[in-house]
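There's a structure below that I have some questions on.
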């Protein structure tokens, strides 16, 4: 059976971003489970998914591996940024809170690394 | 369909309280979803829901908007406080951990901002 | 009805470990609920479940009280440690992320203290 997991990334510290991406990669690498993976980004987490972020290549790799990356529109607008500032493939959502609610309602397990 | 979301507020830092209340308000303001919202408070989070807290008016507004605010009795007693010290309308629960468990068992999505 | 609760312990700070163990004990002590309790440990959290950790006796007590303590194999190997370094009774899991996903899929409520 395929499982589903959503990671929540609301913190801007460099180490926190790396932690979330490493956790997601570890889940993909775990051969005992086959889980669809999403990452929902808001607040300070925005800085980890910008096209020019130090972690941008890490995010691109996760996208290539099938991970869904959802970015909060409220956060983006509050930062005077737009979708063009993000890693290609990141998807805008109306709000991180709504997306996290919908995903859990859809059977995703929630992990706050 | 109405969804349900519970926010967990266990931290005492001013910025963290504001973050949780802003996240809850953003969810209420998101017109793409209609979600019942609860906030479960324990540990340092207690300081954000006191009647004389800097955030008290923010909490009152959320209560007026239909948000349920649940405060951990263990935390309250450990702080030598009682219900009279809280914003009117906050509800005591036997323990934050039991309430978070019950709410998720009742279909609430969990968010730790 | 018996409920189920999984605590996530990914932080190494002493106060954080104590918080998680206190939260778990509070849930066990709450007579209004009968919940099976698990703790999933990864990252810095490893230091709280070592056999020589300051919190080791606290962990042993929780194990005696029926709490399941699951430790991430990735974390253990990354720290050049092995199962023999852990409190007796702790159980290795393939990855914390897979275990947190499975437990939630199995009906556990997730709490990130």
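In this document, chain identifiers A, B and C correspond to the written order of the chains, with residue numbering beginning at 1 in each.
Everything that follows uses one rule, which is that a contact is a pair of C-beta atoms (placed from the backbone, for glycine too) under 8 Å apart; a residue touches a chain by one contact, two chains touch by 3 or more.
Keep in mind the model is a prediction, meaning the values are calculated, not measured.
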Same-residue or different-residue interface between chain B and chain C, half as cut-off: different
Rotation angle superposing chain A onto its copy chain B by C-alpha atoms, nearest 5 degrees: 120
Chain centre separation in whole Å, for chain C relative to chain B (CA means): 25
Multi-chain contact residues (two or more partners), chain C: 110, 112
Chain A - residues contacting chain C, complex: 3-5, 19, 23-24, 26-27, 29-33, 35, 107, 109-113
Touching residues on chain B, where the partner in the complex is chain C: 8, 10, 42-43, 74, 94-98, 100-105, 110, 112
